[in-house]
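Here chain A shows up in two complexes: once beside chain B, once beside chain C.
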Partner chain A sequence: MFEQIFSLFLYGIALGGIYALFGAGLSLIYGVQDLANFAQGSFLMLGAYIAYFTINLLTHEPLTAILISFLLIFALGIIIDILLLDRIRKTSGERWLVPGFIVTTGVMLILDQLAFLGFGGQYRNVREFYPMILSIGGIRITFDRIFILIFTLCVFIALEVFIYKTKLGRAIRAVALNRDAANLMGINVSRIYAITFGLGVGLAAIAGSLILPIFSIYHKIGDETLTSAFSVVILGGCGSMVGALIGGLILGLLEAFTTYYIGSGLAKIFFFLLIIIVLMIRPTGIFGRRPA
Partner chain B sequence: MFKKGLSKVYIAIVAIVVIVAVVGSVAYYIWFQKPRVEIVRIGVVAPLSGPVAAQGKYLKQGFELAAEDLNAKGGILGRKIELVFGDDQTKPDVAISLIERLITVDKVDFICGGTSSSTYLPTMDVIAKYNVIVLLSIPASSSFDVRIKENPEKYKNIFLQDLNDTVWGSFEILWLSNTIKEGKWHPRNMKVALIAEDTDWGRGVCDTWNEMIRKHGFEVVAYEVVDYGQVDFYSVLTKIKQYNPAIIKAELTGVASGVALVKQVKELGINALLFPGYSAEVHEFEELAGAYADYAIYYGYPVPKKWVDQLLKRFPDSDPTAAFWGYDSLIILADAIEKAGSFDTDKVREALLKYPHKGLWGTYVFDPQTHRAIWGEEYVTPGAVEFYQGKRYFIWPERLKEGEWTYPYHDFIQPPS
Partner chain C sequence: MNSLENKVFKQYWLVIPTLTLLLLPLSGQSYILNLLITCFIYSVLASFFNLPFRTLGYCNFGYASFYGVGAYFSALVAINYKVPVAIAIVGGFLFTALIGVGYGMLLSRLRGFHYVAMTSWFFGEIIRLIIIRAVDITRGMKGLYGIPFIFSSDITPYYYLGLMLFIVSIVTCFKFLNSRIGIVCFAIGNDEALAQSLGINTFKYKMLVITLSTSFAGLMGSFYAHFRGTITPDMLDWAVTLNVLVFDIVGGMNSILGPIIGTFLLISLIETFRFVLEFSPIVLGAALLVVMLLFPDGIVGIPKYISKFRKASR
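Right after this comes the complex of A and B.
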């Protein structure tokens, strides 16, 4: 019994780590820009494809593939923010929630269709990053899942260090807290928005790269997982990286244990019940900040 | 947002573009369509996007090849075949709209295709509204059979090319029981775990297994239902692992689901004879799964090698085991029309029921009560296929056999953990 519980726990936190990364990106963008990025899933999908092709064409080393995926999607995110989102923000002013939603939905549709045209509709995967399994007693865990766990933790530590210990991170926090005051203090808000968007979608690309040895990818995989990202943000709270990590882990563990005990169909009901309870008790999420 | 003058110009440009598009479409539709007397228009429904888009693509290729072959011989009763494709997205609401559009807007004469039972069961009442024959290529839920048998007049125009879930489930059990009786396998225990996709097809096959496997002395220790398109089975498999079953029978549709299942079974160290179901049909399965697919068993369809070569020459990326469905659908329909000597729905329906129709897979004879193809050695019958070292080959029955069954755990051997 202990072996099963522990196996489920390991599986749940590995899965939760991916959800956390995915949601953290969304949380970061929303926390700084007040933008619900409906294209977050598409960037996960693109990140996965970039990592897939890097591994198949350039190097089998997953760390290199993840880095390339992150950098390319980060750059793409910055370009999209500068060319598209910045204009919408300046035109719409304070009321950019709906235009932002429309624009990111449009970006999602375009990216999905371009991916379909470019890569086709067939599934692709990487069979494994590291073809080893750790077996202790009755507990088995693949090295891939261990890698995901450790890598996710490292990314979150790096993120926390970046946000709280660097000048750029302080600037991001300042803009998130009060955009106008930050502007008056000489912070280039547009530049911060662009970097934040790039970073947010870059985190989605990392999540996409990490799912390669677990799931087969295709052009719609981002859309199918988008609900998870929003759930992480609701659970953990907008703008909080720790909240995103906790929210993701809760989600992963809930999925693992409820599927085991009651089945995957009913597991979803428990999952949405949890979301409702959190919204009722703490609408800003577990670690979310209340609006000023 | 814009200056006043610019706004008027903008509106004018948009209006002109819209008018030209509408007028152009209508003109094309009216003046440039071929006169109906030259062609027979056949609607083809398939999932061209979504989790089973790969199967949809191959199905489409099968139809295209059949149309080319038939048109090269003069078409059907002198008319060239024109295929009108529609994407059902594996969604019932989309399939319903698609069927209606094909009949009322595209004015097709017949409809073929379809892969998912759950997608097409809801379309039965829509089809019943129109006097157009619909030959469903792959939907195999026995719910179709039941409804057609109970309402023969209402659903008279629906035909089902594939065998039903009861037959498919029974067939695997038939192979299993023969294998045990012949002493080729001594399972370490008599436990079976079932994993059913939450679709009519998935549940239908696993319900058949649940009922029939017990008659052969097995105990069903788990019956898990998973979502359509599910790709993470860790929790389900962790649960199943505690029962140590000698057999795991899954019925999953999407190739990603099948690949994930065989991989996660091995990762968790579960040593069981694995049946992944329909998900193993497309050739991406062994490409994506690699060695994780080794020893998995599924039901295959023997199609002539000559035709496979022809298909791959025309469509190098195709999958014969999926494409042949489309090919045979059109061949069956064409044969029925030729035998009827007419495109009239009632006459073609009568011909479908009255005559046998030779296809790649075998001879299709439709049961008059259920309108479904009959299973049998002299009709259409599958074979058991094993995956091993990146290849798939028939292991049963004898007349189809291409290789020996290589499952290593034959004689009460406890597999390594």
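Right after this comes the complex of A and C.
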């Protein structure tokens, strides 16, 4: 009994860490650009594929695979931002909320189908990152769960340091607070937007790589987990990294336990109801700081 | 409502497409008639999806679920209780309107584009999951089959019924947008606080628009169910909503003709290139990006764009 609960707890925490990273990227983009990035799931999917092929073809070292995946998707994100989103921002100006989200929807449609054409529809997975089994107090757990958790925490610490301690991070915060004022202070707003978008989707790529030992991936994995990313943002509040971490962990634990005890279909229904109720009662999210 | 659109609806050249649509069954090409019925269904969906989107700025991501609920309701009523098909279809319409009222109450409380999008998306997912899970009633993922048809096997009466529903829906949409209520809705979408300060009960109007939009989705769903005879939970999929959204944007969301033109064009495009069906989402996505980057007003906006370009180059 206790063993069961403990292993579910670990699974929930690992899943929650992944959701937290996924949602943090969305939250970052939303917080800085006011853009609901519907292509976030596609970037998770692409990141997962890149990590998968790196592990299978190049190296067995997961850290390298995650790094490669992050860098490639970061570059792709910057390219997409410069080619598409930047132009939309210039043409629509202040009212870019709806056009921006429509563009990301188009990107999502294209990327998902390209992945299907390129990689086929079959399920792929990596059995494990590190073939190690730990035993704590007689309970055997795979090391990967712990690795995912530690890695997630490291990424979040790095993210906080980046946003609050570096010059670039300060520029990002300034743009998030007031774009025009930041522009007047000599910050290249377009560049900041591109970097934020790249970073946000890069976080999705990290989440995608970490998902490999837990889920099998296929070309629609991004769409299926996209609701979780948005739920993280709703629970954690827009633009808050700590909120995203807490929201993700809550979400992962909730999913692990409810799926085990009441089955995945019902669990999802209750879960969506919960999110709608949260939206009704506290539209800024449980840990939200910014007013709507 | 711009004056151009008013003019369009009063112009005589509209007789030509109407006559063509009326006389098409004489050609006896059931393939084309089938395709056109699909176009009718989707253009009504696109127009009514566009209704809250254009007036209030509410992007209803749960839209496909109402299409599916209408289909499931009328199919189940017709199969299990042997209700006449015509009454079942009206029932599907009324039932979705009823759900739409509750849904409208839910959405009307929210402000902000993203919150509405999220809530409607999750709501749609809940309905889809319920229909998939209620295997005893809906047969789950296997879908319903053996739904009674409206007419005997010939397609021509279906075509005329579809055409009739299409024209009635579009005229309803047009009349609504041009009525006082429609104008009030535009005002709410522009500035809700200002509308409230003028003594407008914004909650009521928002609910009305959402109910109207969802109930026509239900009507089309019921028609589809009794036209095809089989339905699956795929009808409620988010992908359907996305398709409708793409049709809308590509045609031009700021007009009445836009969603219709977008739907007819894109569906015929996909059908023509059916042999490379795997590419259709890419085509849709690319069309979306091209339209957003080059002509934000959609295909309908191209003439205006060209004339502006000419003036500028002179």
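Quick notes on this one:
What we mean here is this: the second predicted complex is superposed on the first by the 288 of 292 C-alpha atoms of A that agree within 3 Å, B and C clash if a C-alpha of one lies under 4 Å from a C-alpha of the other, contacts with A are read in each partner's own complex, and residues count from 1 in each chain.
Operating definition for what follows: a residue touches a chain if its C-beta (ideal position, glycine included) is under 8 Å from a C-beta of that chain, and two chains touch if they have at least 3 such contacts.
Quick caveat, the model's predicted, so the values are computed rather than measured.
Considering which of chain B and chain C touches more of chain A, the answer is C. Of the two partner chains placed by superposition, only chain B is touched by A:15; chain C is not. In the superposed model, A:7 makes contact with chain B only, not with chain C.
When the shared chain is aligned, chain B comes close enough to touch A:135, but chain C does not.
In the superposition on chain A, contact of A:44 is made with neither chain B nor chain C. In the superposition on chain A, A:92 makes contact with chain C only, not with chain B. Touch criterion not met for A:172: it reaches neither chain B nor chain C. When the two complexes are overlaid on their common chain A, residue A:212 makes contact with neither chain B nor chain C.
After overlaying the two complexes on the shared chain, residue contacts for A:84 are found with chain C alone; chain B is out of touch.
Of the two partner chains placed by superposition, only chain C is touched by A:102; chain B is not. On chain A, the surface touched by chain B in one complex and the surface touched by chain C in the other have residues 91, 116, 265 in common.
For chain B in complex with chain A, the residues that touch the partner chain are 1, 48-50, 53-54, 57, 198, 224-227, 229-232, 234-236, 238-239, 241-242, 255-256, 259-260, 263, 267-269, 284, 288-290, 292, 417.
Looking at the complex, you find that chain A touches chain C at residues 30, 36, 84, 87-88, 91-92, 97-99, 101-103, 105-110, 112-114, 116-117, 223, 227, 230, 234, 265-266, 268-269, 272-273, 275-276, 279-280, 283, 292. Across the complex, chain A is touched by residues 57, 59, 106, 109-115, 117-119, 121-123, 125-126, 129-130, 132-133, 238, 242, 245-246, 249, 278-279, 281-282, 284-286, 288-289, 292-293, 296 of chain C. Of all the residues in chain A, the ones that touch chain B in their complex are 4, 7-8, 11, 15, 91, 116, 121-125, 127, 133, 135, 140, 142, 214-216, 218, 220, 224, 255-257, 259-260, 263-265.
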